[in-house]
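Look at the two complexes coming up: chain A is in both, with chain B in one and chain C in the other.
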Partner chain A sequence: MSIQAASRLPLKHLSLKNRRWGLIFSTSFLALILLAAVLAPLIAPYPPATVDLLRVNSGPTAQHWLGTDALGRDIFSRMIHGSRTALAGPAFVVLLSTILGLLCGLWAGWSGGRIDAVISRAFDIVLAFPALLLAILAVALFGKGLIAPVLAMSIAYTPYIGRLTRQLVATEKNRQYVSAYAVQGFSAPWIATRAVMPNVLGVVGSQTTQNFGYVLVELAALSFLGLGIQAPQADWGNMINEGQSALVSGNFLPALIPSVAVVLVVVAVNTVGGWLSDKLGDPFA
Partner chain B sequence: MNKPLKLALAAGAVLALASCAVTPSEDSASAAKPSFDLTVNTAAPSGELDKLSWSLYAEPSSLDYAYAFDFSDNQVLANVCESLLRLNADMSVGPGLASKFENPNPTTWVYTIREGVTFHDGSTLSADDVVFSMNRHLDPAVGSFWYSAYANVNDIKKTGTHEVTVTTKVPDALFNESLSGAPGVIESAATLQAAGGDYGNSTGGVNCTGPFELKSWQSGEKINLTRFDGYWDKKLLAKAQEVEFVIQSDPVARVNALKSGEIDGGWMLPSNAIGELKASGAGDVFFGLNSAVNSLVVSNPEGPLGNAEVRKALLMAIDRNGLVQAAEAGFATRTNSLTTESVWGSADAATKASAFKDLIDYPYDIEAAAKIIEEQGVAGAEITITTAPMGNNFAVTAQATAAAAESIGLKAKINTVTPNAYSALFSDPAAREGTDLFYTNWYLSAGNPLEMFSILRTGDFSNYGSWSNTEFDKATNASLHTKDSVKSLSLAVESQKILNKELPWLPLYESPTNLWMNNKITGASPSVNYLYYPWAAHIGAK
Partner chain C sequence: MKILDIKELSIRVAAAAAPPLQLLEKVSMHIERGETVALVGESGSGKSLTARAVLGLLPSAAQVTGDIDLGGLAVLKASGAQLRAMRRGRAAMVFQDPRSSINPVRTLGAHLIEPMMQVPGANKAMLEARAVELLASMGLSNPEARMKQYPHELSGGMLQRVMIAGALMNDPELLICDESTTALDVTTQAAVIRLLSRAVSERSMGMLFITHDLALAASIADRTYVLRHGVLQEHGVTRQVFERPVSEYTQQLVAATPGMRSAPRSGSQPSGSAGAPVLSVENVSKTYQLRGQPPVRALKSVSLAIPAGGGLAIVGESGSGKSTLGRIVAGLEHADSGEITLAGGAITGGSARERRLKTASRVQMVFQDPYQSLDSRLTPAKALAAVLKLHYRLDAKAMRARIGQLLESVGLEERHANLYPRKLSGGQRQRVAIAKAMALNPRLLVLDEATSALDVSVQAQVLELVNKLRKDSGVAVLFISHDLAIVGEICDELLVVQDGAIVESGPTRAVLGNPQHPYTQTLLASVPRPRWETDPGAGTDPDPRHGDLEPARNNRS
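== the complex of A and B ==
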């Protein structure tokens, strides 16, 4: 099963009670992570880069709730600070790809004909490249860090939003309310942006939410490979990478904790995305 | 239950279990330094082996002796190609492919080439092969990484059927000893000429005289050697019919393969895995003599670290005792010197004591270090530390150094490169561009500190920071040009003191050679000579 397919688990077939608890847990968890990211400098017990070489891989203690890493840095503090890049990176990608996808999809779906064909083929071409590959290429060309991968992934994720928007807009434009606006003399751009767009935003929004989870995993993978956020900045992908070295000494918390955090956030985001799909109508259902 | 919820709960359970499984190490944090004894020889084997599998932490960049400059290259090459002289486990030097060597005057070395030695292709070793092999180091077209050893050589000539004479421009105390390492490797001249640019790579291979011959090299996977039954030294005939070097760059995979018995042995174990390996009961970890010092190479004379005071401040900001614990799990010793006592073996007791006595200590003192940075007017200046994902010691040292630099007012950037790009730092000036500092575990091929000092002379190939100090050059050259080894080393003390004062490289710690052999094998001596001595020939069934 692909990641895309896995994200569309048929939540609607689950009991309402379970879905509600899942949703409550997910939204609460995401809110908590978001709060931690915003308040990181205020709530982290230690600065994330403070090294204590005589207290490395210490395991959970009263002073260090989640233990310390191979440099004696407090894992809990680094998790809190790492949540900033963990959320900011995907947020930027989702924002940029949604804006681009909406514009391109709207243009293609509304115009049809050659414009639609050209934009759709462009989407096909971009879709032929895995997002991670594009991000690695961007890093090779523009250097490591967050900016190049975020821009590359924004382009890579644009077709997902663009295709969906195009499909929805192409359906919407044949509806009677669109003809009614046209008869009343409203211009095509006005109808497309002011009348049609609001009707597709809900569905696009649910897809956007799910994209957030995939991007989070891919950006973490990039940092894990040493191509994204660079040490010593706290970042979950980086932390998994650095934590690897402690595995051989039997200390797996430094790698496990950020790994679990990535899994939990992705699950929570997908749960919320699934709920949104159910509420707003999943075009793939 | 909702699948995402199930996943989340499962993840939580794993986390909870993990928290229970990992012993909180309040104790380990303050644990005493682990003790380790140095082993000279392991038990002799009782029988032969069909196959010996060996873990190699990285793929050799080349098996051409002119470019074999790293641990991974030389630990393989040592079993296939031999040098004129042999480096013994105690770092003394004895006869190898040269059965005898003489020094009739301070600038002449006469080598008697051993008779009855054949290359793996069956051809006979001759003085012509020796001359041809040695002259490659002087050929600018070859660009040998070991040119420094030959820098004083005037000419290399065949002076008899089995005799080669080397004359040097000035007396060179290091030249003869260096022939026990890669600079002294002898290859078939015919093979060198036939293979051309492919010599020593995975397709061209090598054709030498060692107890094993190169059978195959599957790039990125493994290197296979087979026993050479025509080996000249019958006392050192290999006990294993085949040696398979498995390339394993991932330390976790390496350690698991060793613990499970999938791989029989390996050098250079990740220090933080030594406890786990020992506890596994699947084999033994042995410690032995080493000539390496783990240090930070200052590679940019134009940057803030071009200033000796700034280098001192940075060294003072690094908690080197902590580093020993964090980077090497305590299996190391903090040092102020770029040489180990083991390479001063030829020195008299007074010289040895003097070389390590009264060295400036540079105690861990952030406040004093920060003050120096302020006084030198470099606060806020940026340094770039280049590292590679090659193990715990690399990651910890780079990040601890970056943290130390930040703590005294410098800005530090870590540049992580691939292992191959990291290796290039040692041979390609272009690869070092933009790098101020990089970590090295620098070993000496000869049991002589002059090898370290000679590479830091003005303009030397390995003087990566283009550091220059007239007094140091003068002192080092004086030692190098003194024939009497005892007197030469007494003069070398001055070089040691200058390095300690000027810190062209920042000494961090020294650690013993380590070796893993599982319960099925025995025989290797855990000494740094494994880089030039055919160690695998000794290993057989327990």
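== the complex of A and C ==
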């Protein structure tokens, strides 16, 4: 067997298996994080905000598995508590922006003409602002915390879902089955919501999971900048921020652990989301 | 001399977890120089796969055995470079849909010349001269200007001529036409067929003509091979194959092909009873205004009437306005002017919902492509339940009974009720579409090319079903079609439309037997007929422009 063939075969197998193992790992990982978020007070070994100035920047020990931060708080406990906002924030944004985007996109794509023009231009205007900028603006107007940025991000992410939905619906509208429904006396709103909508959900779903990853990163960035979740409440974003000072003194764990968690969750969500939209996207075609 | 010799070609595909699929089994065929050979079969028979195998275009997952000899080249054993040289020199292929097989952003000149520029020592000026010459021989006016045009500037028929010119650029010994005229109007098809026949005889090349249309094969081929499920059923001299078919399958195919049967089945229709018409259309006009384009007058003051239980066929080529008329009658679009009256008088008053439901219960429509007209998420039972729920108040038991009865009336069985459309064949899907339409007991059924996407044997069955429904329920039929050969099967009256206006009308037999209007005569003359029935000299018209009956259209195909 030539070298080429030898090196090609196992690679092929690996890539096949990778996808399955990746999916299994991602699903388990997300399930674990979700469980940790729900049961945080029960499983966290220490309260997340308890300061222990005798043990600062301890590094991993038997008492503190992931070590402590600059104020001696247990990093493991803070990670577990922080997963609540890390998951809840993006989940709300994705939910809100998907509902809004689907409604606006369906309305625009189905109606066409002037309504389409108005909605599409509105999308363009929102898209012109970076989501983070809108979130910062919301914080400036309504104060720090989770609610204002989540609402602002929901609006910022609506056009991504809305434009996609509009495009899909406008194409779907001209398919014969839509005419077939119309001939049978079904009303236009019925056809749009009950027949066309389900047929576009698969594609929209995959965009939704991508958005989850982006939003998670951007909300963490907001906290990192000190505009999101406020200390002493634990959040992955502000943990990275607070870990910066330790980084300089050679203790990289307080910043690295939440950073790695953000990356892993984003990758896992995209893996599971890709699989889900493949599976659910067009099960009947 | 044999230009192509296929010996016991077998192809199977092994999918991951499924049993291997035998796509072709020991298919042997050959083509001589200057000979036209037809390969006929229904969808899924493996005819296109055979063509791809000849050009060495099989997917890598295919397991191939046998031999293909193309003018001395063993295709199955050839290297990539040899295959590319073969496709540049010896063999060429023309596909079904010219619009999807040409790059829309390149000029026609680039399409014609670029492949040939790959050959070492190619001379651009010489190639250009050759391309212009070929375009001219394809009956395209002003060939120099055409070289700079883009595909969207040409109609489908003209584009297919360009594709043929492209195939002839390398002066091939074998030309493969894979359903190359299927997407074209009948008059355009006739012109393209004439061009192809002429090219074959002038260049003494071989032609492999792949088609599902037996009549077309009979009109062009010297010999014919019949393929079914990857197995050759029969082959021989075309006339023999069609006049005295040996295999049972060929006999069935011939019997199902309109225009090839010995006795047309027309005339068994219940003729429409006198009385109030079920549909009357008076002076209906419709104009489409697209931005930046001149208005298209789709219908120009069209009038017609269908008596209760009657059958009217509307025949015309693409862009004639026949589908627009069908959509207006079914209430999918509104006429700019004129009156549409359905049985039972005008529908006025009541809420929008009541008017919608009332219209639906009077007129129903069956669409062309059953792969697109059914919602892929609904099983037949669910689809029927949705319609019935909208129109009637039925309890669960009555609903089930009605669904069963409807499926039975269209020849579907209990087990089909809960299958998703992807599990149903084209014919079964169209039966579901018909069942949905009949669920409302309409007085009028609009069939818009309802059989043209189906295989010929299935088409015959669906036509039979429609005739049975007419007899059983007395529903009147408006049958929209481009196919003159089948309208006699179903309708007693015939309308011929051209460019949005009715040019001829009357009893089907009279119009087809003795057409008065020149356009009807042209249409009829373009219907493919067996070579042995036409004048031997007629097939070789020296002037290709004789076939150039296509009106200059933009973008409408």
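Simple rule for what comes next: the second predicted complex is superposed on the first by the 260 of 285 C-alpha atoms of A that agree within 3 Å, B and C clash if a C-alpha of one lies under 4 Å from a C-alpha of the other, contacts with A are read in each partner's own complex, and residues count from 1 in each chain.
In this text, a residue touches a chain if its C-beta (ideal position, glycine included) is under 8 Å from a C-beta of that chain, and two chains touch if they have at least 3 such contacts.
Only a predicted model underlies this, so the values are computations on that prediction, with no experimental measurement involved.
When both complexes are overlaid on chain A, the residue A:226 reaches chain B alone and has no touch with chain C.
Set against each other, chain B and chain C touch different numbers of residues in chain A, with B touching more. In the superposition on chain A, contact of A:253 is made with chain B only, not with chain C.
Looking at the shared chain after the overlay, A:186 reaches chain C, while chain B stays out of its contact range. When the two complexes are superposed on chain A, none of the residues of chain A touches both chain B and chain C.
Only residues 1-5, 7-8, 11-12, 14-15, 18-19, 21-26, 28-30, 251-252, 255, 270, 272-273, 275-276, 319, 321-323, 325-326, 329, 389, 391-392, 395-396, 398-400, 402-404, 406, 413-416 of chain B touch chain A when the two sit together in their complex. On chain A, the positions that touch chain B within their shared complex are 9, 11, 14, 18-19, 21-22, 25-26, 29, 49-61, 67-68, 70-72, 144, 226, 230-232, 241-242, 244-253, 256-257, 260, 263-264, 267-268, 270-271, 274.
Of all residues in chain C, only 327, 330-332, 352-353, 356-357, 359-361, 363-365, 367-369, 372-377, 386-387, 390-391, 420-422, 433, 436-437, 440 touch chain A in the complex they form.
Within the complex formed with chain C, the residues of chain A that make contact are 175-177, 179-187, 195, 198-199, 282, 284-285.
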